[in-house]
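First chain written, first letter: the chains are A, B, C, D and E, and each begins at residue 1.
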Amino acid sequence: MLRIIFSLLITFLGLLLVTFLIGRILPIDPVLAAVGDHASEAVYQRVKEEMGLNLPLWKQFFLYISNIFQGDFGRSVLTSNPVLDDIKRVFPATLELATLATIIGVSLGIPAGVFAAINKGKWPDHIVRILGLAGHSMPIFWLGLMGLLVFYMKLGWVAGPGRLDSFYLDFIEPTTGLMLVDTLIEGDMDLFWNAVSHIILPASILAYFSLAYIARMTRSFMLEQLSQEYILTARVKGISEHRIIWRHALGNVMVPLITVIALSYASLLEGSVLTEIIFAWPGLGLYITNSLLNADMNAVLGGTVVVGAVFIGVNMLSDVLYRVLDPRARR
Amino acid sequence: MSNEPLLSVKNLAITFSTPKGPVNAVRGVSFDLGRERLGIVGESGSGKSQTGRAILGLTAPNGKITADQMQFHDLDLRNLTPRAWRKVRGARISMIMQDPKYSLNPVMTIGDQIIEAYREHHKVNAKEAKRRAIEMLESVKIRDPERVFNAYPHEVSGGMGQRVMIAMMLIPDPEILIADEPTSALDVTVQLQVMAILDDLVRERGMALVFISHDLQLVSSFCDRVLVMYQGLVVEEIRASELDQAKHPYTKGLLNCLPKMDGNHAELPVLTREASWAEA
Amino acid sequence: ETPKNALVMAFAIDDIITLDPAQIFEFSGAEYAGNTYDRLIGFDNDDVSKMYGVIATSWDVSEDGKTFTFKIRDGIKFASGNDLTAEDAAFSLQRVILLDQSPAFILGQFGFTPENVKDKIRATDSSTLVMEVDKPYAPSFVLYCLTAGVGAVIDKEEVLAHEKDGDLGHEWLTTNYAGSGPFALNKWTAGESLSLTANEDYWDGAPAMKRVIIRNVKEAASQQLLLQKGDIDIARNLEADQIASIESNPDVKFLSKGKGALWYLGLSQKNDYLSKPEVREALKYLVDYDGIAKTILAGRAQIHQAFLPEGFLGAYNENPYSLDVEKAKSILADAGLGDGFSVTMDTRNTTAIMAMAQSIQATWAQAGINLEIIPGDGKQTLTKYRARQHDIYIGRWGPDYQDPHTNASTFAWNPDNADDATAKPLAWRNAWNPGAMTAETDAATLERDDKKRAAMYLDLQKKVLESGPFVIMFQETEIASMRKNVNNFVLGPSFDNNYYRFITKD
Amino acid sequence: MNAMIDISKLNAWFDDNHVLKDVDISVPANGSFGLVGESGSGKSTVLRTVTGLVDDWEGNILVNNKELTGTRDKAFYRLAQMVFQDPFGSLHPRHTIDRILTEPVNIHGLGNSDARVVEALNQVGLDNSFRFRYPHQLSGGQRQRVAIARALILEPKILLLDEPTSALDVSIQAEVLNLLTRLRHDLGLTYIMVSHDLAVVAHMCDDIAIMNHGRIVERATATQLAEGKLDHPYSQQLYKAAAGYDRAVVDSFVDWD
Amino acid sequence: MNSHTTTVKPGLMQWLTSDTPQSRFQAKCGRTWLGWLKLTENKLAMIGLSIVMGLILVTIFAPLLAPYDPLAADLANRIQPPGAEHWFGTDQLGRDILSRLIYGAQYTLLIVGLVAITAAPVGLLVGTAAGFFGGWVDAVLMRVTDIFLAFPKLILALAFVSALGPGIENAILAIAITAWPPYARIARAETITVRKSDYIDAARLQGVSNRGLIIGHIMPMCVSSLVVRVTLDMAGMILIAAGLGFLGLGAQPPMPEWGAMVSDGRQFLLDQWWVSTVPGIAIFVVSLGFNLLGDGLRDVLDPRGGD
């Protein structure tokens, strides 16, 4: 246990250090984000000092780390909020999107993969594979804009960019920050359905990506399991093919699959900058990118810590699930 | 006992299509099976397992089966629907696999796997099924059936696993049991213990047993009758007790090349194969 | 469809970093302040030389030109309910100097310092504000500076109630509101939205729109979709081609207004080629002004080559240069550069600038000049530019206030061309020493006769046009695309005079 | 007697699992020593400890009168080589037979690799046509011959054989056993041979030890074994089991786990 | 389908498929030939291969194939719809999209090629070393891998591009930096299963050094799953490059890099769809090609991976 915590700590420190160094080598002047292009030299110098940028590098890093351990991530230059507050706002937006996308991706991807595996080499297999590959091969911003054009503009099935219709924006005070949950807490079904109609398109587009990956991995794990001896045993017992696939084979497929799903979930939780831009979705990816492009390093570091924590958290969760699903891994 | 055949196979042939061309794994095998212990021996790749699997309709998809006859009671095994096969498998013909380590589902408890076999063919409630399963585990001489029932396959030893396998395959009470090298992954002593259990069960239930092995000595000491296979052909069929009078040079050669425990370090006679053996 | 009494707008507002008028220096921030805070005085959007009182009802300039006295309007209330007095006005202006944020120099150039500002700017009674400047500046210069964002009047009592560590309420006001304007802040969610509510008691009449919701939509194509679908009333950041493509849409109309911002190339004089006067001249002949204006910027800009935008006092509106490859070639040949040369250009990666850069790249190639475009994000190219590490910088310069000095002091003024200079105007960034022009620029601020002053600026512009290291190309036109039923949106020459308060919807 | 291999008080551990307990083995030059016992009794571990594949061990191992330490040098591998149980797993699937055999020659700088490879192949009864095949193009018996050839190419004095025939058919087993017997005579090799098959060990070895749970429970000569003169009940049981299936005998078995 | 059997001389066929090759060269050829046969059986993989070959050919013969100068701006002729004169229309500066597409092929090839030959070996080295040595070497290397893995991919790439300055080479470097950690993981996992195997022990007993073991024995076992993974990832690399292009940090204008073309055209997507869609389709087709090829290669190289 101590070992795990220690190695987590090292990973975190490493993450911070790398981020910090990136911040320093970026040829972007962080002061510019704070004072703008037209500021006078005096103001510029004063702000630079205020930001602690004239200290030696190691001192800056040390200060930053010690602040973090006191729970202080500093203030973002761009939003002038404490970074922690910003993250509390942007992360739920990403979390909501990523979770829904993963739910869609998993609930369609696994059956698709299984379906392809049991029909290996026949047309259902080819269809699943081509559709899956397509999901992996299209630029997401193109797909996003096309999705908007077709489903929002032309067909009117879904709502446009944003998490809610604009004039609903003020009506909701974030409790959890998850729009779907908050609207339910408020008990306003109109708002809830509005939120659903906004999230469904970006979530589906992200889901398409994870679906493609999950389906492909499910297929190949499934093929591997179906050639195992215990499947033959099950057949010998006279068990229905249905049960063999969904209980026996899938039960074993879930074990490696859980890691695949976790990784794909973790990568969605990092936030997809491009999707967030297209769908005006104020999420983590956009936040970090914007901060990075303005050398708003407190925000970038804070965001990276969150992403790192999410990554590590999801990995640990998948380890736990792995143990639950695979009795061999239990101790 | 063996006068009325349960299963009659005539001229069974199995051909696999592979990238390198067709492989004739089994070429015209015929035999009748009564309520007896029939051994099939032969070296690796001679088609023993494929013969056994064909009886259960479990040949791999790239394999093609032809036979003049494959009669099990009133069922023609050559053209059963998947649904009909499921009624036969487990309930009427069953099979024990070689290696319990790979043949049991690693993520299901042993109990669940046994119950599943039983309930597939018997409409009983879960409690009754569990009672039967525990009973069955006891009858394969497992000392702590409750514990084993709740255990996962990796938590039991190889010998134990093979007993579980036997319990699982016998619980629906089949008429024919095919055992494909059921003990070759086990230690010698455990091997014999498992065979003793099998022996008892066959005697008690009046089952027909097909015992597949490459160990001539073991088969001859255990079975009633032996089929000797070579390159997909049955080259000799012989009563087990008369094995020392085998006529076919292949059978004789196999017997001869076993090392003996006589303290003699001399060269072992080796098998010189003749092309004519492989001609149908 | 949006509600009748609310305005929904898509606008890239992620440049807002503060809501404190003493610090705001960004486009969308300025627009926010312009709609939520009142200033002492304002100017007519259509004729900027006409100034009128807003919070001040009238003003006087002393004989020596150094003392300005303002009479404050009665009966104005802040959103907090507090009465607005001259004390608030004085405090607001002092606060700008005391906080010394980016825009502070706009007032600071009149000699105010944190030490003296409390004496120089003061309320003599509840309705009189007195301001003493250090030199007899042209009165229009001083007054124009007061129309800028730093002139916003804030609620002293409210702000000081939230003071922390003597910050004059700066931290609080960064995300909060203490004004008296036609709209009040409802909520700002950085990077997501900004929402305003109407001030029902506004002294000049309550706005028709009870709510204004501005949503941050970065992607122009998304803005276009939202507008076409009717989910927003106004889209602010459509690109020229998008506007062209929805021009025929009967549900949409456009409002355009010439802005003060200029598109220009800054040619670093540290580069051996660019420091040759012939090269500077030739490059001015090598931009396809017409083509870019008609196609890439279609409607979003007009050709303008002098450093004062049209509408400013003394602006020079002739455009002597046009694309003439042959002429450019012969000029280059005379300078011994007939075989051309290679330079780089730092280019921020927005659609319009990138397209312009590529067009320029293509025309320069015709004269044998190999232009390498170095794309980068805005802050990145700017960082390089400010550090004088560029060859050429293609950029956009917006005036800080409505007086000509704002641009003169950056294009034509550079008292110290050393790398460690304290003042860093555009001329400095391009390592250009304008010589006597620096002094002439200073002199123009003290010319109290507007006619003469205009002539001085005209002269400066012509000199810079001829010899300066700037290829000024276009003056920006802002186009707001809106639904047919939206009326009376007002666009002013700069962002802090884009007004929502007159908007009505059919 | 001048022992080629002399192991005394050998103990070995895998983590906390004590798998060898005070094992003593002594094999004279050109001798052949058999180790039998059930699965997991530690037979392989004895051989792997000698060859340096086990890290955590104690005791004395003398090979050719030289005491072994923690690491084995190149010279040791020219003296002792090992043949693994599984001919399918002990040959690198992506290397040709040629490469498998050439590599040790080059590493030890023996030179003349072509000739050596051909010779090694001939020694194990494989002709030149096998040289450029991949392992998957060979049968089990042929692979085991290659494995033996690889061990022989360094001209060792000692071969450690870990169940070299248990994965093979009886007819092939006979060929491989004959080959091993012939090589021992021709090259004057010393063997330690591990097997679970009493008959194989009895056929191949002069002295035998029976292992159970990491201990040697009984030692016997080949003749003693042939006559069934074994004392320990476990050895007795093994002996009886080797005779084939006999219901009565099975009932007398006791569990050893 | 059988045309290859008729075009190849029977003698050569026999030589190739011989079970008893007479030389190293013959053994290698035989193995390659068998792999090739297996690949040719997979129709999808062949489609993938032809797409990739097509890409390579287009790259080589771009000057011959392209009807126009890909860089020649012609503002008068901008955003023309597809037609007889410009098959795929023109872009916002009036450049011929088809010609840009043809010239852009080389950048796509460059991106995937360079990333593959930088990221894969780094990942392979790190992963095999970590898996082989275990202990603290493993701990350190895997922590570093984790750190890079825990970083959002695009952001890491972005950071490196901004640090190094934009441009195709730096974009490639940045993508490579983000791409290696998964390879290290794969290689490590593979190494761990392999390092315990008998043939590694056997090699050790021949006196092979650790370095020799890693390079000569372990790496060949990891290469096939890595090759498969790399081809499957190529689509992702093209897309990340496109994403960098979208954010303006990929290729330098006027370079006709496909991702940048998609991104440039997006403001016309709603009305002049072809400007963005045509290069989008090109990216899709090439990604598809690599994916199909990768899937096919898996069947050939890595029989465990599914079939």
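In this text, contacts are C-beta pairs under 8 Å (C-beta built on N, C-alpha and C of every residue); 3 or more make two chains touch, one makes a residue touch a chain.
The structure presented is a predicted model; accordingly, all values stated were derived computationally and were not measured.
Relative to chain B, the most remote chain by averaged C-alpha coordinates is C. Comparing the centres of all chains, each the average of its CA atoms, the largest separation from chain D belongs to C. Work out the mean CA point of chain A and of chain D, and you get 55 Å between them.
The distance from the centre of chain A to the centre of chain C, each centre being the mean of the chain's C-alpha atoms, comes to 38 Å. Distance from the chain B centre to the chain D centre is 32 Å, each centre being the mean of its Cα atoms. For the pair chain C and chain D, the distance between mean C-alpha positions equals 88 Å.
For chain B, no residue reaches two or more other chains under the stated contact definition. Counting partners per residue, chain A has 26-28, 145, 149, 153, 293 as the residues that reach two or more other chains. Residues of chain C in contact with two or more other chains: 219, 221, 225, 377, 380. Annotation, chain-chain contacts: A-B, A-C, A-E, B-D, B-E, C-E, D-E (touch as defined at the top).
If you check the complex, the residues on chain D that touch chain B are 38-39, 140, 169-175, 177-178, 181-182, 196-200, 202-204, 222-223, 225-227, 237-238, 241-242, 244-247, 249-251, 253, 256-257.
Across the complex, chain C meets chain A through its residues 2-3, 6, 8, 10, 14, 17-18, 25-26, 100-105, 108, 174-175, 186-187, 189-193, 195, 211, 213, 215-219, 221-222, 225-226, 228-229, 231-232, 377-380, 382-384, 386-387, 400, 421-424.
For chain E in complex with chain C, the touching residues are 71-73, 75-76, 78-79, 92-93, 162, 165-167, 247-249, 252-254, 264, 266-272. Those residues of chain E that touch chain B in the shared complex are 37-38, 41. Of all residues in chain E, those touching chain A in their complex are 44, 139, 143-144, 146-155, 158-160, 162-163, 165, 235-236, 239, 242-243, 246-247, 259, 262-263, 266, 269-270, 276-277, 280, 283-284, 287-288, 291-292, 295, 298, 304-307.
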